[in-house]
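Chains: A, B and C, in written order; residue numbering restarts at 1 for each.
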Amino acid sequence: MRPTPALAVALAAMMLVSMTIGAASVDLVHAFGDPRTMLVLLESRLPRTLAVALTGAALAVAGVLIQALVRNRFVGPDTAGTAEGAALGLLAITILWPASPLWLRMVAASVSAMATTALFIAIIRRLPVREVMLVPIAGLVLSGVLGSVVTFIGWQTDLMQYIGTWLFSGEFSGVISGRYELLWIAGGAAVLAWFAADRFAIIGLGDQVATGLGLGTRAVLRLGLAVVAVVTAMVVTTVGMIPFVGLVVPNIVARIMGDNLRRTLPVVALSGAVLVMACDLAGRLVIHPYEVPAGLILGGVGSVLFLWLLYRRPRHG
Amino acid sequence: MDKRGLSILLALAACLLLCAGLWMFQGLGGGNRGFILSLRASKLAALVVVAFAIGVSTVLFQTVAANRVLTPSIMGFDALYVLLQTLLVASLGTAGFASLPPGPKFMAEIALMTAMASLLFGVLLLKGSRDLPRMILTGVILGVLFRALSSFVGRILDPNAYAVVQSVSFASFNKVQPGLLPFAAAITALACLAAWRLAPRLDVLALGRDPAVSLGLRHRGTVLQVLALIAVLVSVSTALVGPVSFFGLIVAGLAHGLMRSTRHAALLPAAALSGAILLVGGQWLFERVLDQGATLSVVVEFAGGLFFLYLLLRGHIR
Amino acid sequence: MIRIDGVSHRIGKAPILHDITTHLPEGRLTALIGPNGAGKSTLLRLIGRLEPLQQGRVSVAGRDIAATPTEDLARVMAILGQQTSIASRLRLSELVGFGRWPHHRGRPTAHDHARVAEALEAFALTPMADRFLDEVSGGQAQRAHIAMAFAQDTDWLLLDEPLNNLDMAHARALMGRLRDLVDRQGRSVGLVVHEINYAAAWADHVIAMKDGRIVAEGSANEVLTEDVLSDLYDAPIAVASHQGRPLVLHHV
């Protein structure tokens, strides 16, 4: 069975379900005749469903990129200091210029996320031992350190409630039309990555190979960083961090389909969307009519998947 | 112990006394002295208990894991404690949980935690030691999983349970429940004593599994004993102040740096004392001088995290 | 005597040792030889209870290793594994000092200190006794590990490739010292060697292993023949004689 159509069908089905679940029950068949139902659909359900799909897809693609950039399968945008970097940038601009326009905040978040991710890459390039598992550990600790800076500043400036929505398990319950559109930028960045897919695949093979093939590694590195940072910054500011998507989805896809990014990126994006969608649906159904944040569900599901990846036997040997 | 080691320990003890004196008597004012003193004394006791628990448990953990950059909470010990507590709240209900007497409840939690941690981390350490980095990553991810499960259970139960979970999920040196203190102090004292008595065997354990076995150490049994002690100490410190990931790292690093020895008879007291100095002195500085009582835990975590990255970059992880 | 009775071992699903029955004679120097991956280290680790026995029995000087408390075994045999990595950062004197631990369990006496000094001296380590393990050369560190096993002062000494990293002179000195232990003090030694001529020159008893099985055992003259060796290493090997002992011409 080819993965792309199957995933697309699964995603479409879940999106339909997502449209119907919620406090007010919606009958899709008769919705077009009923302006009130239509309003619920267009103002709340559709935006939420789109937000979930966009987030999942974009984060999964960002995961592929950062894994190619650091050449390590056990990192993701949530374990490389990126999310905390975005929060730090937001915090800085909020404090320095409280009335700043939205676009400026997004730029600040993205730039700052890019800086911290670059810091992460600089750190792991200096790790003395070439030890695969040290890279994620360094990333987790760096995230922790940056997170404590964010928390500290948040405390000092009474901005803790914002920080809570950025860094703690992300959720989609607040998404309505007009408050999720930034995620389209994240989606756009992910599409951009697809156009440069071959370059990232080559970068993933190593600096020497890349240089041998005549590829300027710095430019690709910068492009990759930019995509990862923009995606993460948009997600963090709109719905809060969703853990593990960028970590496990690329691993699973690479295990089944290999590392030819031009072929795999669409599958990665679809799988990410499916995974987050499933977790969001689960979060909405498990204690209906209340909700459990999708980020929380992913924390559980994702860590189990991750442990499985860690302990599965390699296919050969 | 050699002269140098002994004199450093004495100096540390004197320094701790000094900090304690400052903490107790500085800026007493004229008002209700007895009340203020008893308040200060109970907080001092809490800080010292926590510092001893964290310092000793970290040194012990670094010894069983044969690694100088780990702490029990990096490996998810305290997350496990929080999860167990959440499950307790979940099965007893918030009201039932609150109505239990704190002492016996605490003991039961510790017993449960010891059993679970010995099982889980025993398997991890005894089976996984061939591939150290993978073992560490497993612990870290287990921690994430435990935290997610705690929040999840808290969420689906009821908001009150969630509040209980939240309150034990963040570190703060300012929220010690006085009711727990006597139990915590007694248990910590016993556990530290047990660790001290294990010291010669810990020296051998620190060599690594193969050399320890060939020297006739009962490796498995010793590892499990040490894990049980760690579980007890982590339970105490988490119950009192919440999860503190990196503080132990600083303390153990200090102990190694000061004593320049691998003898546990020297390392354990050094870690406990320097931890207590840092906490009592730090709390005095932040609360009385800088007027920022709540931020010590954040600062400690920050410094500890940086220290971890530094150790990593220096190639100390092995 | 060390008796090995029907020992089989597997790692995961892969069989490593197949039903091995043999012995290491008492008061002799026994050499284990064989190609890489033959299972020599695994066998030695099983004897030294570094690896739990899965099947079969091993007894050392009449004591079943599965039934004897490990602290008692540590006073009967000392084992040095092939990977000699020590987790903590130790001075050479401290490392060698740990060799006495089975005897004093944490409270060293003057006698223990004397034995440590003796072991350091025996392996020419006294001048660097206060240096850390990571501040000496590979061969010096290897000698320190051997000195630690030596200080353990046991009837049986099991060494896995002790000649690793040693220069010619120290390698010969070590073999001479082991010979001396056997001849004058009545100890017994088992060791894995790759340089077959050390086995030829110094060993009383040779056990040849391949693919987890024993292919030949006996005196050096019986085992180190052209037929056995060519078969063992899958390469034609000529054997000459030197002072009544075999001399293997594997390098030409």
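Simple rule for what comes next: a residue touches a chain if its C-beta (ideal position, glycine included) is under 8 Å from a C-beta of that chain, and two chains touch if they have at least 3 such contacts.
Quick caveat, the model's predicted, so the values are computed rather than measured.
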item	value
Central chain of the complex, centres being mean CA coordinates	B
Chain pair, most C-beta pairs within the contact cut-off	A-B
Where chain A and chain B are represented by their mean Cα positions, the distance between them in whole Å	34
Centroid spacing, where centroids are CA-atom means, of chain A and chain C in whole angstrom	55
Chain B and chain C: spacing of chain centres that average the CA atoms, whole Å	42
Of all residues in chain B, the ones touching two or more other chains	318
Residues of chain A defined as touching chain B within the complex	74, 123, 126-129, 131-134, 136-138, 140-142, 144-145, 148-149, 151-152, 155, 169, 243, 286-287, 292-293, 296-297, 299-300, 303-304, 306-307, 310-311
Residues of chain B touching chain C in the complex	66-67, 199-201, 203-204, 206-211, 213-218, 262, 318
Touch list for chain B against partner chain A, complex	133-134, 136-138, 140-142, 144-145, 147-149, 151-152, 155-156, 245-246, 294-295, 298-299, 301-302, 305-306, 308-309, 312-315, 317-318
Chain C residues touching chain B - in the complex, by the definition given at the top	48-50, 70-75, 78-81, 83, 85-90, 94, 98-99, 101-102, 105-107, 149, 152
